[in-house]
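Structure first, then comments.
Should a chain be cited, it is by its letter among A, B, C, D, E and F, assigned in written order, with residues numbered from 1 in that chain.
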Amino acid sequence: MQRFLPHPLLTVILGVIWLLLNNSIDPGQIALGLLLGWAIPFFALQFWPDKLKVHKPLTLLKFSGILLYDIIEANFIVAMRILGKPEKLRPAFIVVPIDLDSDFAMSILANTTCLTPGSLSALLAPDRKSILVHTIDVDDIDAFIHTIKTRYELPLKEIFEE
Amino acid sequence: MIEIAIHIAFVLVSAALALNAWRLLKGPSAPDRILALDTLYINTIALLVVFGIHIKSMVYFEAALLIALMGFIGTIAMCKYLLRGDIIE
Amino acid sequence: MNIVLEILLSLLIVTGALLTFIGSLGLARLRDFYTRLHGPTKGTTLGVGSLLIASSIFFSVQGDGVSLHEVLITLFLFITAPISAHLLAKSALHLKVESLVPLPDEAIARKNSQHKPYQTLD
Amino acid sequence: MEALISILIGILTAGGVYLCLRSHTFPVVLGLTLLSYAVNLFLFMMGRLVIGKPPIISEQAGSYADPLPQALVLTAIVISFAMTAYIIVLALKARTEMGNDHVDGKEVR
Amino acid sequence: MGLAYLTLVPFFGAILTKLSTRLGRYSSAWVAILSATLSLFLLWPLAIQVWQGETIIQRIGPWLPELGIDLAFRLDGLSLLFSLMILLVGLIVVIYARYYLSPRDSMGRFYAYLLLFMGSMLGVVLSENIIQLLMFWELTSLSSFLLISYWQQREEASRGARMALTITGGGGLAMLGGFLLLGNMAGSYDLSDILLAGDAIRSHEHYSSMLLLILLGVFTKSAQFPFHFWLPNAMAAPTPVSAYLHSATMVKAGIFLLARLFPALAGTPEWTWIVSGIGIVTFLTGSYIALFKHDMKALLAYSTISHLGLIVALFGIGTPLAVVAGVFHIINHATFKASLFMLAGIVDHETGTRDMRQLRGLRRYMPYTAALMVIAAAAMAGIPGLNGFVSKEMFLEQVVVYGDTFAPSWLLPAIVTAGAVFSAAYSIRIAHNVFFGGEPADLPKAPHDPSSGMQIPVAILVAACVVVGLFPAIAQPLVTLVAGSALQSAPPAFHLAIWHGLTPALWMSAVALAGGILVYRQREAFFSLQSLVDGRIDAKIIYNGVMRRLFAWSSAITMNADNLSQKRMLWILFVTAIVLGGYGFLSGGGPLAGNRAMLPVDPMSAMVAIIMMAAALATVIMHQQRFTALILVSAVGLGVALTFVKFSAPDLALTQLAVEFITAVLLLLALFFLPQATPDEQDRLRQARDIVIAVFSGLGIAALSYAVLTREYETIADYFIANSVSGGGGANVVNVLLVDFRGFDTMGEITVLALAGLGIYAMLDQLKLLSPKQDAEGRPWNPDTHPLILATFSRILLPLAMLVAVFILLRGHNLPGGGFIAGLITSAALIVQYLANGVEWTRSKLPANTHPLIGYGLLTAASTGVASWYFGYPFLTSTFEHVHLPLLGEFELASAMAFDIGVFLVVVGTSLLILINLGMIHQVSYLPRIGKNTGGKEPKPARAAAIDKAEKTTTKKQEDMPWKR
Amino acid sequence: MSHLAIVPLLLPLFTGIFLLLLREQRIYVKRAISGISSIALIAVAAKLLCTVSDGSILVYSLSNWPAPFGIVLMADRLAALLVLTTSLLSLFALVYGMRGTDRQGRQFHILFQLQLFGLNGAFLTADLFNLFVFFEVLLLASYSLLLHGGGRKRIRSGLHFVVINVVGSSLFLFAVGVLYGILGTLNMADMAVKVVHVSADNVGLVKAAALLLFVVFALKAALLPLYLWLPSAYSQTSAPAAALFAIMTKVGAYSILRVYTLVFGNEAGPFANLLDGWLLGMALATIVIGSFGLLGSKRLRQQVAYLVVISAGTLLTGFSLESPAGIAAGLYYLPHTTFAAAALFLLADLIVQRRDQMEDRLEAGLVITRQKFLGATFFILAIIASGLPPLSGFIGKFMLLRAALEHPALPYIMAIILANGLLTVIAMARTGTLFFFEAHAVDTSTNTYIKQGEPEPLRVRELLPILSLLSLCVLMTFWAGPINSYCLDTASQLLDTPSYIHAVLGKVEQ
């Protein structure tokens, strides 16, 4: 199995993307898409040191839903901030402690913080135990940290680690 | 109605481009300029999309796709340069 | 196409353009690099996103089949925008680009200094 | 529009020419890049300005932009890319051989 | 054919002598003697015919018929006389040299050169076609160069040779011009036609310039004033050479030509004035200077000059009798001057010096030589009873006659007499000074008479002087014959005799002799007088000065011209372009704007355009902060892509975008090793100049573009649109153009790309660069080599990008895309891997040496082209097929796609080759890691080893390389 | 169908590709392949010359699309002559390169073959833009060949060479662009047709483009004032490269001859004889400056480089006479001067090797090994180069002057050509005597008898190329008659534009 189909999930994803690219679902394209989805990983996967596994697909979906909502919300918040008086902003650098092991999860988290209300991750501490976050306008720092940990870190831990 | 929306969009996006350009020229710091360029790229996608709807043609989809791709990797290359000097090491 | 759709499309287009504009506005008018960084990363991204959705709907109703490939670009932007933002912030901190608030204490910097380069595990 | 584009090309050319006349390799490379932008645009424009009629055959489309200059420019872009790459590396080589990045190997510091 | 053979014999002789040197030292001499005699032998039968009044013309056949150059030879009285002189004197000199040359000198070389010269000289006098004549003429210059510089290691020898070559060779070139004009006037380069066309020639508009050019050749060759100075300097040559070239033959070539062309050119005032004038001036100056030369050979050289002047003057005077006299003096001078040279040679040979301040009273030690010398000198002085006297009398007589033609009639005779006085004086000096007077002071050698081998030749010649001197009549028929052929008509009645009664000429000779003795007695006074001007008005010094300046100026100009300033090269190029382009545009007339309907400007385009202009100008203004400039340029590039989008060129937009990124990466890589900032350029004036040039270039291009954009045009484009689908099997016309209509352009284009890759690879081969430890502001680099987030996402990016690449590649034929763009996307994706994960890590998964990729790419493309031969179609003919697969639907397979895949491979291969190797310039520090798996082999050069390693790893995991599948 | 016209392109191309894919690293294998291919190329070129010598014009429609829509190759007498010249030259340059130059850096043979691909392409294509592409091919190959081996001076002059040529290419594109923008075609024959009907309003534009194009070609041909790149570039590079480059300025000259006889030739209506006044003046001026350079040079290779400059001026003087005789003279002069310059570059290299740190500086040094032989060779080459009788140089100049006899500018032409001859003699004589006569056998410092240079005798791969090139010049002298008549035919074929146009565009009807 491993040798002939290195990464089924990736194969499927690529196949879907192929169909998206071509904007069509006629059998020829499907076949071609799956073919490529099967072929490309042979080359691409050697660049993936640790093969990521998704443990709770459902949680992943839920997480994505939350994320989408947050993103939209975040954007409007930032938009307001920008339109408001720049002098009123109270930006800050906040260190958020993290306990995630998987590189991938870490990265996702770092990203997430970037898309969510008024914050973006600036630094990932070398020891992987904390991230430095810059916020554009925040009053309660602890609340912010709490949100990050519960709202994002937890589900990510469930999804990518066990 | 869409036409009007499109024209409003053109104006807004053009204004956005102008703002990017201003930051691009003004700087002051290197990250500022890179950020401005990156935003310029993304706004260009917006422009392309609106333009596509305007002329009812999808031929510029790949262009948009490529702008997204190249804008991104261009930005990270420049950041890498600022951080490490040697971007391929 | 029916009026509802048209209104929806027009709304999407205008909002998208507006968000894009606001993002760039932030880039232009905010007062230090780190705050400026927020504008494009969010506003613009979402703005372009909604424009892409608009285009997707538009071409789907144009007739020849559904057009979903815009989704790709949208997803791509959502994935990449944070990465660029992260790297930009990182390099700004590295260059000690001045900020409204004091830059984070030397603690992190110290950790950095005794940090050994990232090794890939293969 | 024609005037606008012409002015644009003119400015690109002027900038390119000026930078080519600098005496250090890096500005010269930038100059050549600008010049190549100007050339490519110019050559492309020789098919005249046509909006929204890409030369891709389809039933809907009635008329098309002139495809030939586009093909030429594609070739030109590739070639100027090759040349730019070559000069960049040559500049590095020159830097190591001559000890400085002056185009004539003259140390002016 | 005889003439051709007898001319060629010496040339073959020359080759033989060179070969024969192994057969012993003197063999070459024998070869020389034999070839001279053989030529004489061949000449003999023809000579008899000529003697009976014939003119023999032998045509060898056409060589350059279109140009009127046919090889042809001519033998008449004149050429007979000269060929006899050349061969006889040559023979004598050959024998003489056999004894003269010292064991150190290579005989083979000497005789080879001598025969070379002999042959060329024969060629000159025997040619019927003047271009052929000219060729031999220049050959004499070249061979004399070799002969004069025979003693190469002596500096004066090579200098003298160079001077001779410069003067005579230059004269020859002038003569080429003259001959071209002459041939044009006469309608042929054949003498027989030219000699008949005299009137046409003389009446031609270019006559005088032609005459001047030819006379330049003549005067330089015959050492006439002011070109006389090369001859004395040529005396650095071995004496036999001087005896041969500088008395009997080469210097007479000019005279020969005067005589030869006399019927065609003479008879005009220009001729008379120039030729006789130069002749007489030369006669005077030559004889005057000769007196003051202490070196015997130098004295003889100047006397030769003066005698040549005399002969030239005679031809200048141009009356039939003058020509007769000239011809006669040619013969006489050849005899006594050759013998004098050889005598001087003997003295030199026996005493080791030629300096007349050391030599005296030699008659006791070498009586025979003394006797010969006295006679020969007397002949030169024009003592009655010797041949010199007879011809000189005739000369003086002509001078008197000619002198009457203008007032004051005494002037010319007076001048000539003065010359005669000096020539008498130096003749006396060379005999008396050397052989009489007191004991010779400290000579290098003890003098004694030389071996008979050296004396007999001289004796023969001297005997000739005496016989002709006593019985001039024997020379009558020869002179008649020669003069006849020179005049191309029967010569006037004349008879050669010693006694013509008490003519003015006789009185002049008497005066000359008396004066000569007087001058010689008072010579010390003259010497001291002369010493005042010595070295001031010396032609040689002037010549050297001119040469020095010539070289100095030239090197000044050259240094100034290619001072290796790139700026200069460029601004000259730009200015030339502006000037010519501008001239063309303005001279052609026509308005700037055409009448094509223009597009309105929409705010968006205006905005983009303005941003581009701003960015471009900013790039220029801020170009000194390099990184900033780089960012700005990329912005411009983005704008270019947008412009392509706006004006219906999706493919271009895609290409531009992809290229943009890779160029940016390249620039970043370079910037790392280059200084971060450009120093300010002080020279504001130059900057202003550059700005002006830039502005004008900009205006010019803008004008051109505007002019074209506003004009209608008819184009072949419709054909492509019409045939794209039906003939090219593709809906994307641009792509069909690239892979089919104009596929050959693309073939060349990818070759360029491959070449760039190879060239860059070669450049980087040994390139070692130290990477700066901190950035421009002195900050150390960030220690985090590969930011985690970047690393993680770059890996997700790869498969997506590859998918997109395939997508772009496959659809290229019908929709925007194609091999080139796909290739760039792929390489971009891979570059990101390097960027995010580092070279060594990535290289363990990818080959760093992508030569094979490039190779296979080119091969694919080219083979696709050749494949069409198999079907009997021209290179690159494309074909396409619509295949229908069950339930998968319809696919199009076009051969063009194979071509496009070739392009794809080349692009990927090249851009990776460039960037990766550029990224590894400073890989040295990483080598240990590689050394580990190479099994401790010492890798050198470091980088090459690194690459080999990379190849190994890749060949190990070949199945991972997509193109190997 | 016959593919003869394209073989001179594909042969070097495939050889280059093959060498590129060759994993084999042993040098002599590469040499063998490269050498055999070059010999084959000569054969092909000869065949081509024979085929077209009867006046027929081979037209090869690439991708099977007719002119003017597709790119066509066109082999006429002129193209064949140049291809043959190139192939001969290349073989000998290559053989000399095998003395070790090809070891000094990577890919010598690949670059060499692709350079040939570019050169032959430039000579054979009938499409203006395709000409541009091949210019780029041969330029890029030449860049790397120029830099081959490296070294400070070489890199610097290489940088200048590259930069100025890149700028030149941009000019080329501007010109081509305008021409297409007005005439709407790229095929030169078709342009010739279109040019006649250009409306009065557009004449200025086309003229501007035509003259810009001329600037580009003049740059390649190294005409005054655009020759400045040449002396240092050619005198700095490796011998075989320099020898091969002897043909490169001829590419510029060729393009001038082609474009300004065909497109802007006698029949070109408003553009007839566009270059009158420009070309002759620039050519003569080039000869003058070249002569000064010759005298002013400090090194032999620099002198040879200036000889190349002079030769370009001389043969363009011939072309600028616009008479069959003049063009023929130029065409005869072209191969002669190419071979002579190449031989001199190679000889100079041998001298350099023998004079240690003296290299080829024009100063009297020590006696060198094989002095006599080298001296003799130099003597003959100098005669050829300076145009003294009886060798090809003289014939060339004679033809040229003879062709100029009826030209109004005759006095200037004659004066400059003859003066140049004299100055060349002076310069060459000086060099020769300095190197071979005034060389001293005794080292004055140590008073020991010394011979400089490699003790071992000259090798075949050193002698063969030089002597072959030299004997090519000698043969050109013997066969001056037939060669000259071939050149005259070529000239008349060039001036007979209609038949050319018919040959290329005649296919449209079919």
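Operating definition for what follows: a residue touches a chain if its C-beta (ideal position, glycine included) is under 8 Å from a C-beta of that chain, and two chains touch if they have at least 3 such contacts.
These figures come from a predicted structure and were not determined experimentally.
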Chain hops separating chain E from chain D, counting only touching neighbours: 1
Centroid-based (C-alpha) most distant chain relative to chain F: A
Interface with more contacting C-beta pairs, comparing D-F to A-C: A-C
Innermost chain, where centres are averages of C-alpha coordinates: F
Label of the chain whose CA centroid is most distant from the centroid of chain B: E
Whole-Å gap separating chain B and chain F, where each centre is the average of the chain's CA atoms: 49
Euclidean distance of C-alpha centroids - chain C vs chain F, Å: 58
Centre-of-Cα separation between chain D and chain C, whole angstrom: 31
Rounded Å distance, chain C centre to chain E centre (Cα mean): 68
Residues of chain A whose C-beta touches two or more other chains: 17, 21-23, 110-111, 126
Residue list for chain D, restricted to those that touch at least two other chains: 20, 25, 28, 38, 42, 45-46, 48, 51-52, 54, 56, 68, 72, 75, 79, 82-83, 86, 90-91, 93, 103-104
Residues of chain C touching at least two other chains: 23, 25, 37, 45, 67, 69, 72, 76, 79-81, 83, 86-87, 90-92, 94-95, 112, 115, 120, 122
Chain E partner contacts - residues on chain A that touch it in the complex: 10, 14, 17-18, 21-22, 26-28, 31, 36, 39-44, 46-48, 103-104, 106-107, 110-111, 124, 126, 128
Chain D residues within the chain E interface of the complex: 1-15, 17-30, 33-34, 37-38, 40-42, 44-58, 64-68, 70-75, 77-79, 81-86, 88-93, 95-96, 101, 103-104, 108-109
In the complex, chain A residues that touch chain C: 17, 20-24, 49-50, 71-72, 74-75, 78-79, 81-83, 86-87, 89, 91-93, 95, 110-115, 118, 120-123, 125-127, 132, 134, 136
Parts of chain B lying in touch with chain C, wherever the complex brings them together: 1-2, 4-6, 8-9, 12-13, 15-17, 19-20, 22-23, 29-32, 34-36, 38-39, 42-43, 45-46, 49-50, 52-53, 56, 58, 61, 64-65, 68-69, 72, 75-76, 79-80, 82-83
Contact footprint of chain B on chain E as seen in their complex: 602-604, 607-608, 611, 614-615, 618, 627-628, 631-632, 634-635, 638, 641-642, 645-646, 650, 653-654, 657-658, 660-661, 664-665, 668-669, 671-672, 771-772, 775, 781-782, 784-785, 787, 790, 797, 801, 804, 808, 815-817, 821, 825, 828, 831-832, 834-836, 838-839, 915-916, 918-920, 922
